[in-house]
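Right, I'll just put the structure down here and ask away after.
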Amino acid sequence: MREATGAVGSAPDFSGWSCPLPLRDHPRVVMGHGGGGALSAELVQHVFAPAFGGPVLAGLGDSAAVTLGGARIAFSTDSFVVRPLFFPGGSIGDLAVNGTVNDLAMSGAKAAYLSCGFILEEGVETAVVARVAQALGAAARAAGVEVVTGDTKVVEAGHGDGVYLNTAGIGQIPAGVDIRPQRAVPGDVVIVSGDLGVHGIAVMSVREGLEFDVEIESDCAALGGLVETMLAVTPELHVLRDPTRGGLGAALNEIAAAAGVGVVIQERAIPVPAPVASACALLGLDPLYVANEGKLVAFVPREHADAVLDAMLAHPLGARAAVIGECVADHPGMVVSRTGLGGTRVVDLPVGEQLPRIC
Amino acid sequence: MREATGAVGSAPDFSGWSCPLPLRDHPRVVMGHGGGGALSAELVQHVFAPAFGGPVLAGLGDSAAVTLGGARIAFSTDSFVVRPLFFPGGSIGDLAVNGTVNDLAMSGAKAAYLSCGFILEEGVETAVVARVAQALGAAARAAGVEVVTGDTKVVEAGHGDGVYLNTAGIGQIPAGVDIRPQRAVPGDVVIVSGDLGVHGIAVMSVREGLEFDVEIESDCAALGGLVETMLAVTPELHVLRDPTRGGLGAALNEIAAAAGVGVVIQERAIPVPAPVASACALLGLDPLYVANEGKLVAFVPREHADAVLDAMLAHPLGARAAVIGECVADHPGMVVSRTGLGGTRVVDLPVGEQLPRIC
Amino acid sequence: MCLAVPGRVMEIEEREGTRMARVDFGGVVKDVCLEYLPDLREGEYAIVHVGFALQRLDEESARRTLDLFAELGLLQEEFGDAWEAAEERRQ
Amino acid sequence: MCLAVPGRVMEIEEREGTRMARVDFGGVVKDVCLEYLPDLREGEYAIVHVGFALQRLDEESARRTLDLFAELGLLQEEFGDAWEAAEERRQ
Amino acid sequence: MKYLEEFQNPELAGRLLADIRATVTRPWALMEVCGGQTHSIIRHGIDQLLPEEVELIHGPGCPVCVTPLEMIDRALAIAARPEVIFCSFGDMLRVPGSERDLFRVRGEGGDVRVVYSPLDALRIAQENPQREVVFFGIGFETTAPPNAMTVYQAKKLGIRNFSLLVSHVRVPPAIEAIMRSPDCRVQGFLAAGHVCSVMGIDEYPELAARHRVPIVVTGFEPLDILEGIRRTVRQLERGEHVVDNAYPRAVRPEGNPAAKAMLADVFEVTDRAWRGIGVIPASGWRLSPRYRDQDAEHRFPVSDITPCEPAQCRSGEVLQGQLKPSECEAFGTVCTPRTPLGATMVSSEGACAAYYLYRRLSGPASVSGPASGSVSGPASGSVSGSVSGSQEVSTVA
Amino acid sequence: MKYLEEFQNPELAGRLLADIRATVTRPWALMEVCGGQTHSIIRHGIDQLLPEEVELIHGPGCPVCVTPLEMIDRALAIAARPEVIFCSFGDMLRVPGSERDLFRVRGEGGDVRVVYSPLDALRIAQENPQREVVFFGIGFETTAPPNAMTVYQAKKLGIRNFSLLVSHVRVPPAIEAIMRSPDCRVQGFLAAGHVCSVMGIDEYPELAARHRVPIVVTGFEPLDILEGIRRTVRQLERGEHVVDNAYPRAVRPEGNPAAKAMLADVFEVTDRAWRGIGVIPASGWRLSPRYRDQDAEHRFPVSDITPCEPAQCRSGEVLQGQLKPSECEAFGTVCTPRTPLGATMVSSEGACAAYYLYRRLSGPASVSGPASGSVSGPASGSVSGSVSGSQEVSTVA
């Protein structure tokens, strides 16, 4: 643990301090700072990382691996601000469990305990809160994780949005497992666990002002079991990532940047269900940037790739798993897609969140 | 760990479900549900506890004690929605660290690692976010705890309040230590670590519409060191509690209810600084219900009370510690105060947050 | 300009005096204004842009176009699968 | 009714044509309207209710009251400290 | 002299108590008129220190408790309007109307704000010219002058989007009504000191003489209250019934002339309903015709809101000292501090709430009846000595 | 027939490419007018599959790119007004005005909403009668009819709080302007299919003849674009210059008569400034006098907002194919996709943004010059083949 460097109660002096983020560009927070893309990354890099310091945060993974009382523990948190609270196939309660369980799973850890913080907006119906809590409890039971501590705050009407949720989770990392974005190496095979974009499109379909009917439901699920299955094949998985905000595009870019490798994916190998493709065509979105919850992308050493893929295909949550590309030494930090026609395009880190386009 | 009881992905059915909270009384969430008083407790009891299940949450402590990889670990979370973000003597960043560090300390654990979730409102100045982050980082260094994982979400303008923060923390519980509200027994001596109400009044003094000048600053501090000092005297501390929302009055009521004991306090033994008393007189508030952050109340076996008090008095954060009362077998679940004149009053669990009164 | 996509008209109805339809875009169904194609019928396809059907799609013409492409088979052997061809050129 | 507390007038000033003062309530200072006590001066005490000074506090009269209480000493020995006395009765 | 700690001195309290003990020879029922005094009595446990002979009855002097149901419902209706910013003292937010309270209106989207002073509401009006700002003008003669000044200032400054929902009440007509009640048990009054700081004492001698009841102007610190009791008991023991000023440092016979002049300009006396009690003639104020257009009841269509009080709630009798809270059927079952039916259950010093608390303290043995042990009589709101009572009850630790 | 997958078939694409290869004998510079086509070309990597001889120049047919700075600034000023709900297609939110964009206005408290359809904005106006709802009417002939219908409906339904900020542009005058430019390199046009779905093809024969340039109406799926290119190249190789319809399933010669009638009623032709290019005569629409009171520029005082474009930004020349983005001094230094100076850097298919991305891909060796490897010529926005170029560069893994 880091040594205490300041006296207890000493007040930091902000008078001479200036924001390390180029303020000309973003004097105020915009939606994109929460979109999981380049703006989010800049905020972490320029504001949070220097403020908090510490070698573990600098790892920038979805979760931190720490040692406590001799145990190797994965520790992660996420806040959930989804609108609407309930959507086809799930709710903010499911997301709050599965999001954190999955972040832990992405370091190979099986989630054991969750904390849960509710920020309720004055005026939200108690029945809505109860439905969220029920969904959260049911999702926790399904994932085999226990909610052991919590907190509730209420904010004035007009300063929230019904229910915001935060969960943090801890789980033990098995011996011999070291899964981090930095471990991607050229030659790794890139595998996704199934259909992409389903969760994001399901949520969008009920978002105010955008409503459309679509015959899909969020695939939101806890991936701990799938990861256990994969680790049973080999502990030598290099990278796991749940491509949530910013979608597969953001996840691959983050891995490429963290490991200093290039990634090449074959567009026609990527499983995108027809309704997702149709909704994206209608709204001008790219399925590569649509959020998922209940899917993972894995970077697996070539020699284990077939066995890992077979194990995934045998698991209910990996039934539509597919090899979609590989890790290369070229164009480090960049993700390139071979298009269905055989062309090439750069899959950039999205700046903020995707918006419906007309052009 | 609890067994998984539902299939992965099985959707709970809400159609036949009805809210266990008496909806006639509170069909919607009101501010009091977050006030740390009776309404907060009802929400936990009627909504969250049945939804989440689990024996640990039922403990209802500020933190949970769990076992992971052979280590006994305290795990806690709090969200922070304080207005304004900066106040005399501190900021939401300080609170977010000290609040969780202290919740861990109240189970005897020294906080080791924190997670940190930001919910930013679109439009908040980046410089404000950076100042909060700097304060959070400085407070973490001062407390000897490391921020190892984080998350940022942005909500649309008008759906937040600048910055909301959540922290969760983990720390190891020393062997032989078992500190929980349930352990209070008649005969325990009740000690507070210093002046009450300072933090709450400092924050109120800069709250919009209530502004007043007062020569005090928040005493917000991390109590891990003080608790270590107390545990060095004896591991046999029964209860520790940081009397935050709802103040000492709520904390004592919760302990009395959890342990099924009565508590008697001597009003004139309670350290309330003059400006706090004055502000309370002006606004019609009771200092017993004003929030603290950086103070604790301890239930100590009578045979250790003197030594523990001496150790507290020798620590900078316990310099104004005082014995304020005792735990009794009478009136179980109730807290009674002997007034300065020798009368008696019931110190009830507050219903919601205190508001300025005219009567 | 002009992200416009083909959709199939499902049900048509009047709403506040406006001709509207449920239109199916390959599994995604949305409300679309038919005022500019007043004689569009259920089952027909149209190009839809920002919630408005702007032009009926002509199936016969589409088939003729595709047939034409298929007949451009002269150099097919040389290329085979376009993606593989591109791949080869890259090696 | 009527949570009103004594405060000491610090500085007086006109604001938008209204006589206002900073008033010290034992370490807490707040703005108070003096319109109802137009001749109240700095250093004097007044009873303040919801931001308005409503009556000047008279020190001489206060002292006389306290002196009176002190003279009610007849049964002092019997009671001693009131809190302890109450405690005893409770045993 | 700080005018505060000096009047909380335990030793002097002992002397006052000793003097009361030495003086009293038989039971007396005194009413403290003012809710602030009730608060102080409970806060310091004064009722438990008094000799058994002295019974305190909590009076109707809590603006929260007596604001009539229709006025609460009008406030709720106005506060729910989208164009309105509804400002109130904090006390009123949890007071139940027919179906909900201001907290709940806020939860449902109403813009309800707690202010410290009516001037804060006026400032909010200046800052939000496109909104209608309404201030809930509750309170007795102490609070009326600040609210009057605010209405006056709004007119002077041309702030057109400010109005007052007026529910002001006056003490002397309430004393008159209590004394006229056939079931009246009150033998002496502690008059409300801060009301008299404004109004002076002119209105009381006639009342004291006509009803042959001592009226002692009393302050709010523990010593002030004990002194008020001491002087009242002394009069009663002597068979006197005059107006006495036990709070001379803050009460002059003439009151505050500037405040009285403003009241006369802005308000006019009117009949007013008291919650649970009914209409008391000339017991309230409304805006005078000059200020009628600043009356929220004229500005918003709420005058036809005239709900019935829940038949179950008997707070009127409780407020007049004619009924013990525990004799109310709703008490402790449908009506609790968490789910109050009447205002007397809302604030912890409300008679029903105080009774509820102390009954809990006195233990399960006394659940079905009045407080056990040394409760000093059958009066409502009288809760002395129940701590010692609790020691007679076996408890589950 | 789904009209979608059928036109993305890789095998048929191979046949079309083979035919283009077999046809082309020397370099040709083609402009795809429409931003949607640019998007499709980059999305599918079509530029990299074409023979080296065929160069594609990204045209000015992106409403996001060409909306003039003063119109963005007016939008920002209107959106910042407290009474306004400003509705826009998502495309416009990140387009920089002089000092900020719509995202930032929203962050500063403006009520800016993304809608899918102008009808959504009209519904918002109905639901918020006390607010002013303004819709940002950008776009070419395809988007103009939906916006026209919305204005018409607002008038018909008496929805007075709805107005349109009009920045509509027309394609044929832009083609005319490009051909007239002395530096013009364009030898053939892929005309915008969906514009012609509405307008038909009447306006093009005269242009093709006068400028001796083939104009092929082209769709948006990969096969459509390849077919458009194939037909244009074929004309060029044969020395022809006629209007050809390669998108007959969606384009009839007469267009959509109902839509054209509505356009004629609601709008009138006007000169309009194109961002980076300047005023092009008769190149836009504004509301006709009958609908003038639904014009946001008349309703809000913004007409005097006439900012200067950042002198540094040379997107006008880029848009006309006269300058490579990398020849702009700001490129890659002060102007990046994260901090765009001009609209061509905003969306990933903007010429400057596309060039920036591919330059990164082509590696450090080519940072200071145009893209290395098989870039097919000096034209701006032409980025083919740079992936293979990147393999010649040693990288740090």
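Odds and ends about this structure:
Every chain is named by a letter (A, B, C, D, E and F) in the order it is written, and numbering of its residues begins at 1.
To be clear about the criterion, contacts are C-beta pairs under 8 Å (C-beta built on N, C-alpha and C of every residue); 3 or more make two chains touch, one makes a residue touch a chain.
On a predicted model such as this, the values are computed, not experimentally measured, just so you know.
Listed here as common contacts of chain B and chain D: E. Steps from chain A to chain C, taking the shortest chain of touch contacts, total 1. The highest number of C-beta contact pairs joins the chains A-B. Ranking all chains by how far their C-alpha centres lie from the centre of chain C, first place goes to D. Because chain A and chain B share one sequence, their contact can be compared position by position; here over half of the interface residue numbers appear on both sides. A straight line joining the Cα centres of chain B and chain C is 61 Å long.
Chain geometry summary: the mean Cα position of chain C and that of chain F are 21 Å apart.
Here the CA centre of chain B is 57 Å from the CA centre of chain F. Looking at chain E, one finds that residues 4, 10, 13, 35-36, 48-49, 62-63, 89, 106-108, 116, 120, 139, 143, 387 touch two or more other chains. Residues of chain A in contact with at least two other chains: 28-32, 122-124, 156, 268, 281, 284, 338, 340-343, 357-359. Among all residues of chain D, those that touch two or more other chains are 1-3, 5, 26, 49-50, 81-83, 85-86.
By the touch rule above, chain E contacts chain B in their complex via residues 4, 8, 10, 13, 35-36, 39, 42-49, 62-64, 89-91, 93-94, 103-104, 106-108, 113-116, 120, 139, 143, 222, 337-339, 347-348, 357-358, 360-361, 363, 387, 390-391, 395-397.
Residues 106-109 of chain E are the ones touching chain A in the complex. Residues of chain A touching chain C in their complex: 205, 211-216, 268, 274-275, 277-279, 281-282, 284, 338, 340-343, 357-359.
Of all residues in chain A, those touching chain F in their complex are 25, 28-32, 38-39, 42, 185-186, 209-210, 260-262, 268, 281, 283-284, 286, 329-332, 334, 336, 338-346, 348, 351-352, 355-359. Touching chain F in their complex are the following residues of chain B: 122-124, 156-157.
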